[in-house]
């Protein structure tokens, strides 16, 4: 297959190499020349504009977007539309909100452009050596793309989840679960670090990787992180978030699904981003009011 | 009545004045001479040792302990025991854990000393002008003490909750509820402070005091705190805790009562005391491992 | 003043009587004739259509909407618009989402209709005998309406919170805090009910009303509810919600304000509405898978 | 090696077979004859009393306890003590609370009996084909036992965590993390089940096993459970717990580590065990009191 890849960032470049290694042709485009050049140095065919990118693709063209969620995707689609012809395919391989994906699918359908959304998991390593792809697409579109998904994923690592939007939906929930799991690991590790035994956290993470109930890739990464910095002293205690945890919580609320664990994981990230908690100041002030309890003053 | 008051701190001194104003005689003792002198200056009869305190009391002696929960209470009881005679009464008016209270009640009973536990709410203002007392005691002991409780509380503000221990139990839960309410107010106030409207928080607290569903003393205190510092800028965002919130959570866990709100209120206080969250560092490290996401470095 | 009141339900009828008793003229309209007749029997002037309602009002007309949040409000506004003339005033006294309120304000402004949103707290009793009103309105509109708000609220019980939308915003947060407080009380009561002491919960609620830190209207209502049914045996354990708790949580998420207590209160309501928790089934199934733990079978 | 195994339940029998297959001699004892016979049928040497068990062991004897946490362990130890001689070793391979373990270690040390605690993870399958063992023991004891641990675990699947007690401590936290992870998966699955797309949950679990960030053994089990019952309709929504989640939460509280995710996971299990939530009834009653909101009546 021939793939026009828009976006050559951390995920995009790894994916490009992955696709290429499986015998497909990749033409890569990114907004900055330096990014394209860097990809070109690794063997990716380069395009310095969307026109150039589309110009190198045979119909039906396949354009894979690997760019951050948000309005940029709509902009790129608008720029692509005049260049594409009916029957061409756009794949959104990023973390778009499934409602945006549904809207884009409908919009593109009216223009005769086919569409698939691929929730892509596995991090940079997955993008490079075998990802996990949750694909929302019409049956015919999925059938056309399936060989590509088979190549770029680990064995068993792709699924046609259903109609367009469903791929990003399943990926959103995947990330919500990930939030909960990561916070659970963090809490457990903190207890271990503060508990009565002097433990080698890296060795604990390692043994948990082998045969335990909680073994899995996150535990593999836990050992890896602790191998680099056994006490995590180089890392600040701020955990950012990029949207999908929030979306999962919002979706759960919408469906009235009580999701206290995923929600708590999200809220603790938000708390970690705060320089100051006004809610806490209120609590401290109230304590002082009724009990004359000491309040830490600035 | 004649009351020997052990402990003349924030709560103790106010309570002493309250008792005295209702025509009772108060002999006050505290560990430091300066504290006793300060109370004496306000008309409290002074005792500079427990011996002196007990020496001034007629039998059956009534000794009211108004000292922080913890081992000090056991120490004071041990020091009092040789000075007291069977039939004397010890009241623990502080925030002891109800299990300690049960133990002390049994211990004192064997020595012939009568006992009551009074969970005392209402803050310093309540101690001074009318508290809320939840009293655990044998019926006969409560009947003897009732006139005193009637005097030092607001109308309707005392209750014989049941046998010894029950007063502190009910007070413990009272404080657990208080934790939840305070955190709820804090969260709401923080949303107001960060929301799209420029609001006068003090005015909001004030209007909520009058006719709203959430009116109550905590809202009165909220207005008071905001009157002194409209943005709480002088207060650090650290909310300490003194035990009863934790005990409520532990008791709920023991009884398998899901108490997520009281628990979350407690955990947010603990979070506020942390200089650094190791759990968050773990989450940040894991994000970096799989996604190459930026991690804040020290 | 002359008030055209749309909506004569639980809140509307009580408010109508409240307004009337303060010397204002109330013309009441509701969708069903029976509701209007019932109000008329209590002295409210009746209107059986919006036309009839508006026809009885002198300019500048004042139409107060006291109907549930949602699309009905837009419908009523559309029906009113041809009947009103520039300078007339619409007050939305219900629990509309502040974003809907902002939209309606803009829309009505273009038509020359003035607008105010009144977050109205205090329940049915407040509507009848003195509410708490948080009023969003332009200064000139608020000044015009102020005498009415002064009359229908308890002393100190109204506030001009700011521009249109701010009244509903503040009321939304009020309700969020209310969710947290109610759940905190519920959790505490459940511990008391299951704890080691046989307690008279009604008496506990009563003593907490007098002098305690957590005294307030919710505790008054707690005693009232337990007076009617000491064990709440007549009530099912389902707690519905009508939107504002959810909106508060959504707003907190939007602003990245960690609000775990208000959120947990909402989630426990959602949990209470579930006939079956699929999440729990997953947990039970997983336990069974790895440990052969007993799983309750249907 | 020669291992005297006390307890031939789900975990014990599997472990016995595992040990035996690695060339060790296992003498198995259980309280009921039928259980011993069943083990004997699979080749385990049988003992119908502790005396018989100990009688077959050569010194230094190795007795491995694989019985549920709780007082039974102390009973068995008391029964074993007169039969053992100094230098013999007891291994507690179950889920004892680490404080009990510390106490037992001290107690046995005074008697000259050596001790190790092995937190054993991996479920029945792990016990049978390769577990994960977190071992607390004195260095010399661990060194002596290491060949056995190497044999019964998967490669990399054992760790000398530190002194006695540390094995059970690390296992306790492992299980706490497990609680959080399982609830996170449950919540995500529930959103998928109720969301806008008709998804094949089993297929989703399967694809997540291959290349996703949340891949791991729990996801393997998720697919397995859904393979047997695609909608989990045969399972009741009750998730029991056996102690270690609670202990983790208690330990976190003791250390003031905010662990909202593990705690929420535990509370949702407790909630699932409730036939009726009194807290919810309180919330419903309060709503009815102030707003006249409908309350579901029995």
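A, B, C and D are the chain letters, set down in written order, and residue numbers restart from 1 in every chain.
Assume a residue touches a chain if its C-beta (ideal position, glycine included) is under 8 Å from a C-beta of that chain, and two chains touch if they have at least 3 such contacts.
This structure is a prediction, so every number in the text was calculated from the model and none was measured.
Chemist: Could you tell me the least number of steps, going only between chains that touch, from chain B to chain C?
Modeler: 1
Chemist: So which chain is farthest from chain B, going by the mean of the CA atoms in each chain?
Modeler: Max centre-to-centre separation from chain B belongs to A.
Chemist: With contacts counted as defined, which of the two, A-D or A-C, has more C-beta pairs across the interface?
Modeler: Between the chain pairs A-D and A-C, A-D carries more contacts.
Chemist: With chain centres taken as the means of their Cα atoms, state the distance from chain C to chain D in Å.
Modeler: 48
Chemist: Please work out the Cα centroid separation of chain A and chain C, and write it as a whole number of Å.
Modeler: The separation of the two C-alpha centroids amounts to 40 Å.
Chemist: Just how far, in Å, is the C-alpha centre of chain D from the one of chain A?
Modeler: Centre-to-centre distance between chain A and chain D: 33 Å.
Chemist: Pull out every residue in chain C that's touching 2 or more other chains.
Modeler: Answer for chain C, listing residues that touch two or more other chains: 122-123, 183, 185, 187, 190, 194, 213, 217-218, 257-260, 264, 267-268, 271, 277, 279, 290.
Chemist: Can you tell me which positions in chain C touch chain D when the two form their complex?
Modeler: Spelled out, the residues of chain C in touch with chain D are 10, 122-125, 182-183, 185-187, 189-190, 193-194, 217-218, 221-222, 224-226, 229, 232-240, 242, 260, 264, 268-269, 271-272, 276-298.
Chemist: Residue numbers of chain A touching chain D in their complex, please.
Modeler: Residues 121-123, 126, 130-134, 153-159, 161-163, 165-166, 169-170, 173-181, 183-185, 187-188, 190-192, 194-199, 203-204, 206-219, 248, 251-252, 255, 257-262, 264-265, 267-268 of chain A touch chain D in their complex.
Chemist: Which residues of chain C touch chain A in their complex?
Modeler: Checking each residue of chain C against chain A gives 213, 246, 249-250, 253, 256-260, 263-264, 266-268, 270-271, 273-274, 277, 279, 290.
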